[in-house]
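Presented sequentially are two complexes of chain A, the first with chain B as partner and the second with chain C.
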Partner chain A sequence: MGKDIKQIAIYGKGGIGKSTTSSNISAALAKLGCRVMQVGCDPKSDSTNTLRDGKYIPTVLDTLRAKGKVRADEIVFEGFNGVYCVEAGGPAPGVGCAGRGIITAVEQLKILKVFEDLNIDIVLYDVLGDVVCGGFAVPIREGIAKHVFTVTSSDFMAIYAANNLFAGIQKYSASGGALLGGVIANSISAPYSKSIVDDFAARTGTRVIEYVPRSMTVTQAELQGKTVVESAPDSDQAKVYLRLAQNIANHNQSQAPSPLPVAELHEWAAGWASELLKMESGEVREAAHGI
Partner chain B sequence: MLSSIESPRWTCALGGALAAAAALPRTIPVMHSGPGCAANFAWTQNGAAGLQVAGRCAGLSFPATNMQEGEIVFGGAERLHEQLRHTLQIMDGDLYFVLTGCIPEVIGDDVESVVSGYAAAGKPVIMASTAGFKGNSYFGYEQVLKAVFQKIVRPGSAAKRNLVNIWGIPPMMDVFWRGNLRGVEELLGLLGFRVNTFFGGQASLPSIANAAAARLNIVLSDVYGVEAAELFRDIHGVDFITSPLPLGAAASDRFLRRIGRRLEVPAKKIETIIQRENKRRYDYLEPIIDVYNDMEAQRYAIVIGDANYACALADFLAEDMGWLPELTVITDVLADDIKAGLLRQREGRSLIPAQKIIFRSGSREILEAAADDWTPSNGRYSKRSQPVFVLGSSLDRNLAQTLGAGHLSVSFPVSNRAVLNRGYTGYGGGLLLMEDVISAFILAR
Partner chain C sequence: MNYFGLRVPPRREDRHPGTCLAYGGTLCGSKKGGRGCAMAADAERAFTQGSICPLLPAMGMMASLPDTVVLMHGGVGCGTCLHGTNGNVRAGFAARRGRPADIRWMSTALNEIDVISGGNEKLAQAIKEADAAFEPKAIFTVSGCLPAIIGDDIDAVAAQVQPEVKAKILPVHCEGFKSRFMATAYDAVYHAIGRNLLPSPSPTAVREEKTINIMNVGSMGRVDELELARLVGSLNLHANFFPVFADPDSFAAATQASLSICTCPTHDDYFLQYLQEKYGVPYIIRHMPIGIANTGAWLRDAGAHFGLSDIAESRIKAEEEDLGNALKEFLPLFKGKRVFISAGEFRSLATASLLKELGFEIAGIRSFHYDQFAELELDKLRADGQDFVWNVANVQPFEEANLLKRLKPDLFLGHWHGNNTAARLSIPTHVIYNTGYGYIGYRGVYDLAARLYRKLSNTSFGDRLGAYSQLPYKKSWYSKNPFLFIRSQSGEAIC
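After this line comes the complex of A and B, so read on.
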């Protein structure tokens, strides 16, 4: 039995910033001296782009399809600061079963013993959107990842997806599945958005581990094909990611969340809608100010 | 919602569909699924149909895509293309029938578009969607019928006054399907009709293509093939009638009268046929009648079978053999209105003694229901009567042993008999069934 590898899964609605956040966390963890691997579990296979100068790497499934079997050096690629990058990949859109694809790719990593051979400390799985089927639940099942962090903004759809993920975690939590480490609030810009995410976290029995502001620095870095940690290491945004990475490195204790039933979630959202309306009309300026 | 069925008396939709497609004339089934499916059907299904395991393009040797993980992840359409390309080159057939299993249906393979590409190129390729999670063997049989009626039967053939179609006898699920189809064909032949049986040696693809010319569709089942008959009527405008399986003489008499009347055969002609056939039958029966009396061969009976067989067998025992079928178990999972319909058929039949008809599917359930009924109640007399005989499937041997009863397997699965051309429909079939029942009962003495 080797050392205990910390395996973490990052989930969240599509386009919410999972890959951006994951890559910055990976880069920051590497800076902190960890041996990190990031596994993109999204058929889009762009999770690790900003760790490798904006370039795509061959995916596990593409290689598997072409060759029938794979070697570790055909699917693991080094990126910024020695971060190991893997993309699971997937079938052509509208064909086959991406869920089974994720299962197959994750199994390959196990079969090839890459974590052990590369002496990895932390693995980050960057997983597509909602938990749409069993395949996408694989990283949180059977104890592959121990901790899940969900990226959400204050948008209702993002929170809805997070709530769905919580339901998935809750389902598998009793049988050795992953537990919830917390919420990463991303693209926080408007003053009220922090309160919305805080409120959601409180109601579902979890906590926000970091607030990541919406920032031009992220866009600039992305356009250079880099993480913020690499391209603007002294920026405020980089400091946020470093703090987040440190938090995750120190994190040990995760919990089963209590997702809101759908009707309750809608009610909760409606409550916030009227709250925001009042803020807009100036009725509750005080509260808005306090944020 | 059902909980679970232990030792079910069917396999899955794909199994029933493969049995049906393989039974179509000059047809090559192409299975689009994982390799385990075929293995299951070869023995669990076809083997349990009187050992009809193999075939020219059946059993374990027929074209299949044998989907593996690669096809599941990336989609199986390419693999199916490859299989069809090669199959069309190598396998000599006039129809290629693609049948889908659970795997391609779960991952969403667009099989329809693959198949229609071949059809558009003038290749005789059709498909039916037969994922096991959609239904059992009977459902698969019905899916095949529907595809044939939609794609093979040509619309608008000129009507032929003496042509009828029959179906409702699912290959393999009806272990005696070949003989039974032939028996019904012969009965209808007595009335002067030519018959499209679709399946079996007597069928041909050109005659199937011409099926819309028929005067009437006769579904030899109150359950299987009825939806397909509605579809046939909607597409081709041919009406249908459902009928119980005419097992033996009494049922054949009824069948001839009912169908004959429907097809405007003069009553006098029908009665002449019935008299002649029964006279012939009695010629064969006479020699054994003394034995029947001397050996006190009358038996109480428990009859177990699917919706086609159960009541038809019970009627046969009562009407043709003078036995007392006291308990009939119908093993299909059926909707309430269909159950009621099956029960209604027994009304007003004087020769059939009062009996209990129940619906049970699991083999243990069946055993318990029957054994319970046969356990003597408190007091002076036992509720049920001995000696008793079990006419069911090979899964019912335990029940027969428990009751010390004779036993014959007729309904699926029949894994303790070899079945080649035997059939129990019609007058001749009734004699065969009587032979088999009496032989089994003699053996058990």
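After this line comes the complex of A and C, so read on.
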């Protein structure tokens, strides 16, 4: 029997920083000595760019389209510190079925046995935005990924997307699907941001595994086409990612979340809106310094 | 109001609320206010054994048009019903154009990568290939379920490619999951024809005063068209036949006729309303010219429109007299024999009227669907007060097997692919969709009677077939109500 490969899926609303977070986690895990593969599950195909000096790699689906079948060496590329990079790919915007693309690409990785052949320890699936259809749920069902982490800021729409993801996880949890490892709170700059994400995590039966502050270092690294771990290894931000990676490497126990019903989620958001208004008006002074 | 300005035609059940797929009871019980279980438009089956993909009748209709290519845009396998239609199309071409011709059809055979990337480019390429290979007058690009699910835009592809190809491109929206009512298929094909093969209305367009559009159907052979042409010819009228086997260029003539008349009332209202609204061609949708009284009623309607009622009446009288004499030799054998009919809505009901005229007793009818157009035909059958089993079912052979075991008819009439249940019960069967033989008009009555006479004169084939074959159902099914699974949408048993 082969070794137990730790497979992790990172979800979250589009633009929230999934790929940045995933790539930095992958780079940090590699630094910690793990053999890591990052699989970008987004038709934009840019999940692994910062692991490869800002360059795009041929996608599984483009290769399959051009050649009819694929070999592992045509779709797996080495990046920073030996991180293996794969991009699923997908259709041009507005046509075809991106969800089916994810299904097919993940299937190809299974057929080619790339994890086993490359002796991978940890696989990270970086998955596009919301769970809009069955294709985007593939990494969390059928026993592929075991643990899911969701990246969210304190913005309501990001939390709304996270709550939708929790519903997807809950749906598949009884039939061998992935369970929720926790929340990665991203772009945390004000105290109230942390409180909002903490409150959401508590209400949905999960926990925050790391708070990633908003940082100029991330912007600088991305403009260079690199991860923070590579471009500013001694920065405070890199230390945050290394701590996050260590947490994920040590993580073993995930659980089914309890998503809020939509009406309840809106009610919860309205409660926070009133709270923020009180802070802004000075009614709640001790918390107001973050506004 | 017409829908031809829309890119996608509506479903039949949306245009005609009350259209129904599930009824089990008696003919008289189906009438509102009558006894028994009245028909419920929202009836469903808790269990269904099969259905009819609307692509099937749509593909059959398109495949008959000469100088066209049917380009199936879908997964490989979608549209293979055309293999079963090819024989009929070959025979139809031989009868109408002097030599047989195979259906010309292609498939984009979408694979997994096409599903992911979208099939638009492949469709565009296939249209160009079809145009270059066959140089047709028109190419039907037919969307199957798969491109409809992923959102391929067959209209945009047609508009994009049209400048590069000579053939007119006709996008057809008739994906299988669109509707369970096969009549939706007729509307979908007419929609494509109406939007692409008809000229712009012109105040100087010539009106052909003595020309009548006779709307044919796929189950009508050339022999039937000649019979109808003979009948309207007796009124000095010239007949155009649309849409089956009509040349794409000929559809323009439909806009110049003085009248359109249907031969199957559920088949054509979508197109005929459009011809009336846009081109001022009036229409009659009332009778199917199957049977003696029905043929007379059909001819009477046409004559009345042109002010030729007297001529029509005298022709009807003469025809009925001749036919009555010719039928005499068959009638003693038919008297009291019980018959079960299975067919599309109108053919099943009109055939029942015909068989009653020949002296048969109706044991039961299974119609593929019900809609508002059938009411007149149903009332004709109800008029003499004789009631019998009526089943509305989009096939469902399990219900049919149960019914046939109970009713034990002496004869079964059904489509060629739908006779096996009866045949395995030793019931003599007759194929009603056999376009080489007459079925329509006065000649059709005689031809059908002659065939049934031969069939019933020696039933030993059916007897032996039944003795050596069996049906797949458990014995317990035959002791249950054949309509056990018909429910209201709230789940209550109806029948």
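What we mean here is this: the second predicted complex is superposed on the first by the 286 of 291 C-alpha atoms of A that agree within 3 Å, B and C clash if a C-alpha of one lies under 4 Å from a C-alpha of the other, contacts with A are read in each partner's own complex, and residues count from 1 in each chain.
Methods note: a contact is a pair of C-beta atoms (placed from the backbone, for glycine too) under 8 Å apart; a residue touches a chain by one contact, two chains touch by 3 or more.
For clarity, every value in this text was computed on a predicted model and none was experimentally measured.
Model built by superposing both complexes on chain A: chain B and chain C clash. In the superposition on chain A, A:C97 makes contact with both chain B and chain C. When both complexes are overlaid on chain A, the residue A:M216 reaches neither chain B nor chain C. In the superposition on chain A, A:A263 makes contact with neither chain B nor chain C. In the overlay built on the shared chain, the residue A:R65 is in contact with chain B and with chain C. Of the two partner chains, neither chain B nor chain C is touched by A:A174. Contacts of chain A with chain B, set against its contacts with chain C after fitting on chain A, overlap at residues 61, 64-65, 90-92, 95-98, 100-101, 104.
The touching residues of chain B, counted against chain A in their complex, run 69-77, 106-108. Per the touch definition, chain A reaches chain B in the complex via residues 61, 64-65, 90-92, 94-98, 100-101, 104. Across the interface of their complex, chain A is touched by residues 112-120, 149-152 of chain C.
Residues of chain A that touch chain C in their complex: 61, 64-65, 90-92, 95-98, 100-101, 104.
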